[in-house]
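In the two complexes that follow, chain A is the common piece, with chain B as its partner first and chain C second.
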Partner chain A sequence: MEGRGIELNIGPVHPATHGVLKLVADIEGDTVKNAKVEIGFLHRGKEKIAELRYFNSYFPIVDKLDYVGALNWEILWASTVEKAMNLEINDRVKYIRAVMAEIQRIMSHLVYIGSFGQDLGNLTFFIWALRERELLMDIVEEISGGRLAPMYNRVGGVFYDFTDGIADKINTALSKIEEKVKKEYRAMTYENSLFIMRSKGIGIMGQKVIKENGVTGPNMRASGIKRDLRKDEPYLVYDKVDFEIITENDSDVYARFMVRVREILESIKIIRQLLKDMPKGDAKISAPWIMKVPAGYTLVRHEMSKGEGAMFLVTDGGLKPYRLKIRSPSFYSLQALPLVLEGCKVADAFVITASMDPVMGEVDR
Partner chain B sequence: MIFNEIYSMLAYYLPPKANLIASALATFVLILIVLIATPIILGWVDRKFSARIQSRYGPIYVGKFGLLQNFADVIKLMGKNFVTNQYVDRFSYNLIPILSSALSFLLIALLPFGAPSLTFISLPYNLLFIYILLAFSPLLIIIASWGENNKFAVLGGFRSAAQITTYELALIVTFISIGIVNGSYDIINVIASQSLIWNIIYLPLTAVVFFIGSIAVIERAPFDLPESSQELQAGWRIEYSGLKYGLFMIGDYVKLLAVSILFVSLFLGGWSGAFLPGIIWFWIKTVVALMFLMSLRWSLGRPRIDQLLSIGWKWLLPLSVINLIIVEVMMLI
Partner chain C sequence: MNDFTDKLLKAFPNGLKASDGGTIELTDKKKLLKVVERVRKNFDILFMLTVVDRPPNFELNYVFSKYEGRDILILRTLIKHEESIDSITNLFPSADWEEREAYDLFGIKFDGHPNLKRILLPEDWPGHPLRKDFVVTDEIKNWTGLDLKF
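Up next is the complex of A and B:
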């Protein structure tokens, strides 16, 4: 039947679009003919703000880039400035940062899993995932004093060393999470037939789409591309720990979900090793609060919870950056989204969008 | 009927005409109490139960255990302004909440509350009448969704029509099977004929079909696709607010109770049971069925509309027909 179809505006205020993402979808019957992604509702000019601030005063802004993965971005910004300054940091600080990065990765993936469950109409799962995230939130709070935006790092080190006995607390929390992921989450999601029915075989993102659009991270690894900056270009202390790059081959929504679930377990493994090998001593900060950074161009790439994040910093030898360019992985995932959404069902469109794990804070910057 | 009971109780004290008015008033007050209290209390149970599933506390502040929370919410709903979009079709927009909740109330008024005499309306063919009431709701939903003049509402309305039409077919087949097995379309008689062996033993497939089909027909999660809040932002209810939305909510809970009472009456033998009085058995079974229905909502995601329809057409309808044929053959032997 030939019909005119409906143009449906989904978002920016919609319960399923994860922030202020807006989709404009042409719908015929129950099928999405094509979809457009509109972004920019959360644009706050963060790259410009960098030019107005001292290097250390930029951390609060970095926290709000990816507000469910703040520590990862903090570490990236700190590493960028340190590289620009040719600053060598303490070994213990490296370990602490790696532990915090992995904790943050687990937290971010838990939010992903929860919101994904919610988009499938299962509110219980959302609250369960946040319940597990809370365990780690408490640990981050105890270490840094902050929760969502901890502001824990600074150039040359971290603000506070680990508190006494935090390693035990982290280990207890991790084993709790491991148990929940392996038992409760399995029953609720990845071995639940209703869940599989909804997520398998939809939203297939082939390797071509991924390479053309620069999609990275778990979204890429779900399509069978084995690439992880932690392994390929080890930073911090990732060359000293033993872990695997998680890949799935189905490149559908289910594979993207499974990559995250398995990465949580892998991160738990990493944190355990790091805590065991952590060197004694104190985490001294090796740079002043306000300092000049020599002129030059610096590019640092890290593996974020959502893909490869990079910062390209141009300095002119002054107290503030000359120019900063941020590569946020979610932005590139959203580039591929319209291609993946083409021809899917309306109900699946939300699931596929959720499976990309966009965080608008870092997309709009 | 409750009216008759009250009438015969009061007959000793009052002259016939005064008695007629008095017992009519008493029945009316009783209906109001049941209709208002049930959804509110059920809503509390639902919130508390879901909270325990989700490792939360649920309502705790208003009243003991938060028991009065839902009364407070209803009062808040009553105090809200009616926000009406200027493009809606006023007539259908205002009519549907009233009609739809009236239908649900009628549904529960037809059902027995634990004893043969505890019904508000007694009809000889009340099972068929219940079916008619259930079958009526997609019509109302389509009118509502069209009248709201909103894309999300229309999508939800069409989904709802497709879903309910599919599952009603399965439901009518289960009703026919029950009619054949028990020789009656009157719920009271159906329960009476189950005093020895419950229907669920004769008709296990039909029981499953009825259970799934009834969830789909009352649009309860996980089959709440027409109003799925994550996709369609409440679907065909998108433009409703305040008490009009509240009426839908109340109607939902009433339907939930109606479906569990219906399941208990049709398959689990109603008030038949050993040792305890019948009315207690009846409510124990109803609460168990209700809790099961509620826990489904909080533990399963929702399927896609085409998957839901294919479950309905490919599995439930054939299954119920097969069970019907088996029953027919057994009856002939």
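Up next is the complex of A and C:
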């Protein structure tokens, strides 16, 4: 049977995991010779919908882009329109947004840990990670009224100010999560010999592949490239807080996992600082619901939980966008995936795919 | 603007001109590959490719970015709806899926692209939905995807 492989279809898998991603792999024996990635199963035409909606009415649509990191995208969309309108938001709103963005980042990374465990065949991770995420979900619910798709931001501000005593609740939840990540997660994952056997040394994504395919975010930082838009191009109030850019050098699955785990701890640090310095003031919204945005081009990019997300807004002075282009970081990670899968074992293919943290909602748009 | 933009503009006096907000406009689309080759000396990736439909033209905004610092370069060019343009995938491999997406949603042909197929929509989808002249026809309304051959 020399030289004759089998074409294996992997997926499309159920949306409850990562979304609907399909891999077509040519396998020989147990080895993946090459793989093709097929996307588009979750395409809902969000860029087209943008052209049909008022600027503020687009928030519910942005929410479902990355459904585990909705607040990050909301903040990016709000910032884009605010920049296009030349609108200055007050300090309190900036702090609130930064806190919410970091809470969302922790939640997104926890889902990553959970679904990664699921792809390893260990459902305990999944339950544990979602248990910790629930603590933050409750906080987001108390603040915004929503859970998965909070619809909390608006052009010019946020819908509601922080509720009384929420800072203490956030701190309590963060302490719990910190303890779990440092103790339980360590025993279960990153210092667990079985976990290390499954994840060390496989799925190596070198700097060349990263730079050729435009991969950003934690996937890139796992290969030792020290870049984070929160530091390199500070937005909101990230220039006022003290934090490290987390990097790992091994560029394998384990390194990509570790970057996320350590970033959770770093985000906790950021939120604590932000809550301490939170300025007084009101989070009043300074823009009407339906408004005209001056004609022009606006490009804003933020550090999402999955990499550098950006929005390129083209306006013509009307009530609705003329064109909106969304750069999704997962899109580029998946573009690099076939190169990473080359030569791996079929059983590892799932783990490698999961380690890239693709969320198909934002890939397919 | 910064030094690199100035140098780029000086290197191609006939093909490039400065536009608003640091954007560079490419007036001669035949020079695209030469300009992009020059851009590659200073930029790492094609950050995004934004196509805007301004009938009867398509406006292509190539956004280049680096892995250090905050530099961004926007290269803008106009092509007619029926025209094609050179693919930059040989110079910036990260353009691969972006160009496929532009082909998928706008119907722009990229010469020299290794695998110019639809990416987000099914292969037999009728039309290119992000064009401004796109209308929902009966064919689209009744499209089921069942004719797709596997």
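The rule we apply is simple: the second predicted complex is superposed on the first by the 359 of 365 C-alpha atoms of A that agree within 3 Å, B and C clash if a C-alpha of one lies under 4 Å from a C-alpha of the other, contacts with A are read in each partner's own complex, and residues count from 1 in each chain.
As a convention for this text, a contact is a pair of C-beta atoms (placed from the backbone, for glycine too) under 8 Å apart; a residue touches a chain by one contact, two chains touch by 3 or more.
Bear in mind that the values here come from a model prediction, so they are computed numbers and not experimental data.
S.K.: Identify the partner contact of A:Ile245: answer first if only chain B is touched, second if only chain C is, both if each is, neither if none is.
M.R.: It touches nothing on chain B or chain C.
S.K.: Looking at the overlay, what does A:Phe195 touch: chain B (first), chain C (second), both, or neither?
M.R.: A:Phe195 contacts chain B only, not chain C.
S.K.: A:Ile204 in the overlay: touching chain B, chain C, both, or neither? Say first, second, both or neither.
M.R.: In the superposition, A:Ile204 contacts neither chain B nor chain C.
S.K.: For A:Leu87, decide between first (touching chain B), second (touching chain C), both and neither.
M.R.: Touch partners of A:Leu87: none, neither chain B nor chain C.
S.K.: Once the structures are superposed on A, label A:Ile166 by its partner contacts, choosing first (chain B), second (chain C), both or neither.
M.R.: neither
S.K.: With both complexes superposed on chain A, which partner does A:Val314 reach: first (chain B), second (chain C), both or neither?
M.R.: After superposing on A, A:Val314 lies in contact with chain C but is clear of chain B.
S.K.: Determine, under the contact definition given at the top, whether A:Phe331 touches first (chain B), second (chain C), both, or neither.
M.R.: Touch partner of A:Phe331: chain C, not chain B.
S.K.: Does any part of chain A touch chain B in one structure and chain C in the other, and if so which residues?
M.R.: Correct list for chain A: none, the interfaces share no residue.
S.K.: Which residues of chain B touch chain A once you look at their complex with the stated criterion?
M.R.: Where chain B meets chain A, its residues are 50, 53-56, 151-152, 154-155, 221-222, 224-225, 228-231, 233, 298-307.
S.K.: Flag every residue of chain A that touches chain C in the complex, lowest number first.
M.R.: On the chain A side, the touching residues are 39-40, 43, 45, 47-48, 211-214, 220, 225, 227, 232-233, 296-297, 299, 301, 308, 310, 312, 314, 322-323, 325, 327, 331-332, 335, 364-365.
S.K.: How about chain A: which of its residues touch chain B in the complex?
M.R.: Per the stated touch rule, the residues are 6, 8, 14-16, 27, 30, 117-125, 127-128, 131, 188, 192, 194-195, 197-198, 345-348, 350.
S.K.: Please name which positions on chain C make contact with chain A in the complex.
M.R.: 20-21, 23, 44-48, 50-53, 61, 63, 65, 67-70, 72, 74, 93-94, 96-97, 105, 118-122, 129-130
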